[in-house]
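Submitted below is the structure of interest, expressed as structure tokens.
Chain nomenclature is as follows: A, B and C, assigned in order of appearance, with residue numbering initiated at 1 for each chain independently.
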Amino acid sequence: MHNPQLTKEGKLKHLLSIEGLPKSILNQILDTAESFVGVAEREVKKVPLMRGKTVCNIFFENSTRTRTTFEIAAKRLSADVINLNVNTSSQSKGETILDTINNLTAMHADMFVIRHAQSGAAHLIAKHVAPHVHVVNAGDGRHSHPTQGLLDVFTIRHYKPDMHNLRVAIVGDVLHSRVARSEIHALTTLGVPEVRVIAPKTLLPEHVEKLGVHVYHDMCEGLRDVDVVMMLRLQSERMTGAMLPSSQEFFKTYGLTQEKLDLAKPDAIVMHPGPMNRGVEIDSAVADGNQSVILPQVTYGIAVRMAVMSILAGNSE
Amino acid sequence: MHNPQLTKEGKLKHLLSIEGLPKSILNQILDTAESFVGVAEREVKKVPLMRGKTVCNIFFENSTRTRTTFEIAAKRLSADVINLNVNTSSQSKGETILDTINNLTAMHADMFVIRHAQSGAAHLIAKHVAPHVHVVNAGDGRHSHPTQGLLDVFTIRHYKPDMHNLRVAIVGDVLHSRVARSEIHALTTLGVPEVRVIAPKTLLPEHVEKLGVHVYHDMCEGLRDVDVVMMLRLQSERMTGAMLPSSQEFFKTYGLTQEKLDLAKPDAIVMHPGPMNRGVEIDSAVADGNQSVILPQVTYGIAVRMAVMSILAGNSE
Amino acid sequence: MHNPQLTKEGKLKHLLSIEGLPKSILNQILDTAESFVGVAEREVKKVPLMRGKTVCNIFFENSTRTRTTFEIAAKRLSADVINLNVNTSSQSKGETILDTINNLTAMHADMFVIRHAQSGAAHLIAKHVAPHVHVVNAGDGRHSHPTQGLLDVFTIRHYKPDMHNLRVAIVGDVLHSRVARSEIHALTTLGVPEVRVIAPKTLLPEHVEKLGVHVYHDMCEGLRDVDVVMMLRLQSERMTGAMLPSSQEFFKTYGLTQEKLDLAKPDAIVMHPGPMNRGVEIDSAVADGNQSVILPQVTYGIAVRMAVMSILAGNSE
């Protein structure tokens, strides 16, 4: 089966999910991102790589936070950015998603950044677009959010460059997480020897151990001697019903406190994709503490998105 | 009476409606648009014609689709674009439209792109603005939507350059269409010898034949040997009440199928202003078929809007 | 106590309120604004002072009008502008304001323009941000709206350069005005010898005379021989309850008519911060009359905002 993310020559054409990306492309993205970290610190934070290109942020569900990161990244590449909230638009006039995409393509849009509540939306669009158009998945349902996964891996590599010698723990709602699965895949591909998931059974996908991870239900056991602690966001909408007792209860068992963190290696880093529920999955003191790299993740997120967009724009057929 | 769209020297000052535009200006817009078609295909899709100019998209009713076309066109001309949804703004604080316009003019806005639910809104604003400011009507009530009319004419001229030898059929809800009337006017002005309208009596304006068109109620008769089939959008809000039986019924009688299309000339082109109601006024197979020029219409829409804006900006007093 | 608006060297770091700004900085802003008035009249209305900088307009309450002025000013300085309506965003996901600010700072935003319904919001954010980031208060509750105050003072200085010889009357709802207090402060600092406030007791703060103003309850008395009449907007939401009888009644007593204006000096200027309630606090004939400088205020507002932003951007540590 042809990989829908790659050109026939094996170059990156769309970014839909981390699954299916060969190690060489993962490294190309991470290395390119490294070169963009410096751009943000310059007096003039712009490079002309996408001058005259049109990037459309098409958000079928609202996410100011994610939209902002892509808008900043595209503008730093000198692209023109068009923001479209499609729920308020011609969707209501009965136009299909694909007609919307066709129209924007006819306007010579070069790249679509897609956010959609339904899994597979970005794949569907990528399958459909004209050859010169690139699609970036900015989150589809609970399926994938690849730039988040990439920035997490970038951050780990930045602080712990020897990836062949790491223990990474992913903690919390793995079941509903858009990123956990991709991260496990990326970490494995890049040679991380031990990935652990720590969660109650109700928040783990079935057969999760088949992904090559070690499963822990006890957080203290799971954190022991790890180099990286990746906390996941607890979606408050998951809290209703029988799945979880209460957010206080969750914090007691799976919330990251300094006490629990002290079980990890002394130089372990703490990560969170944001937005945080302080006092639910993470204690404020830890979130703002000196082991936290949560804000650097955001910074590297811009560099990673610049890398993805500029690589895609350079791979036009 | 002085033509409010023209300067004293007869140059285009505002674009409010196609009615009242002399043939020379219609041709100036179409010829200028021709020169912009190539810009969209360049590596860097930008020309500096409006650098440092401020274009305000003032949308008193929401239309992401139309706003996007003007935003892309203005950015390709290197203008700065400000989007204002005025329904959510100081309208609610009791400020009048004209105070809003005065304020933006005082901020040295150069051009207003106006969308308003009320007929005549753009005319009212144009009458009021300072001499250096230009107004483009992006749709007012059911009155006018001149850039849509122009892009339709551009598309026809592109595919059928010998306009003195054409038969054009306009099909559907002529009564409520913002564009049908302007198109009839434009086609006549540009020398098209035969324009037909095909619709039930309930969807035709009274005395429509006075516009110089041939009226058909039977679609098969009306399509016979035409070169161009322009389908109109059926506003679903018109479907309620006694005007129309049902959308299935409408499709049977006035929906464009390949079977009906085969009555036109073999090289006839099919047009639609979008967004389409697939299965109501047009069959999907025809919309996506090889006689359809619906997506090229969208492409040429950008070039036409760039032409209009750059001509207006060049005609400042 | 250290002044939170100034760097250790006494340069402007944030613009939070006019109170606390020394005369030298007030004059620096006004003089810089003078140099930007001409930019808006050029063919290319742009200067490259903030090229490659990212300005975030963070509006926790909607104000298209104010957002537009900052967006235009920033774009004329060549900055990249990101608009965020935070009420529709991750606020609803339980993220705190400061986490939002931290995230945007991590994305290397250079300047935050903040609008918030709560007094002190901009101060709180300024206290919190990283050293290289600048904060501009675009209105917080009824506390402060310093760029409005500055553009008012700029306008007065423009039309009446000899400020040591002026009588200024501020008329209307002083109690709920975001700007009246700051203006009194600015005018006094810049050497205006006589500032009057004209209002019913119910619309005056207690002990207002301690600010160094003369209080009038009778408008005819208060307007006698003044050089400047600054009308304030009457918030219609204040009209409910016992505070005021009715808007017609208010207009009769405190609305500005030509008849009342004739009591002022013959060359007196009329100002209003907008949006106006025509027929409530000001008669249309006066608002549009030849003593009105209400639209020049808007024009100078862009120049003043460009001045503030470019001065802040130049004072990075």
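As a working rule, a contact is a pair of C-beta atoms (placed from the backbone, for glycine too) under 8 Å apart; a residue touches a chain by one contact, two chains touch by 3 or more.
Because the structure is a prediction, the values reported are computed rather than measured.
**Q** What's the overlap between the neighbours of chain A and those of chain B?
**A** Looking at chain B and chain A together, the chains touching each of them are C.
**Q** How would the chain A/chain C interface be labelled, same or different, where same requires over half of its residue numbers to be shared?
**A** different
**Q** Round to the nearest whole Å and give the separation of the Cα centres of chain A and chain C.
**A** Spacing between the chain centres: roughly 41 Å.
**Q** For chain A, what residues touch not just one other chain but two or more?
**A** In chain A, nothing touches at least two other chains.
**Q** Hey, which residues of chain B end up touching chain A in the complex?
**A** On the chain B side, the touching residues are 40-46, 62-65, 68-69, 71-72, 75-76, 236, 274-278, 295-299, 301-302.
**Q** Quick one: in the complex, what on chain C touches chain A?
**A** Residues in contact with chain A: 51-54, 80, 82, 84-86, 88-90, 93-96, 99, 102-109.
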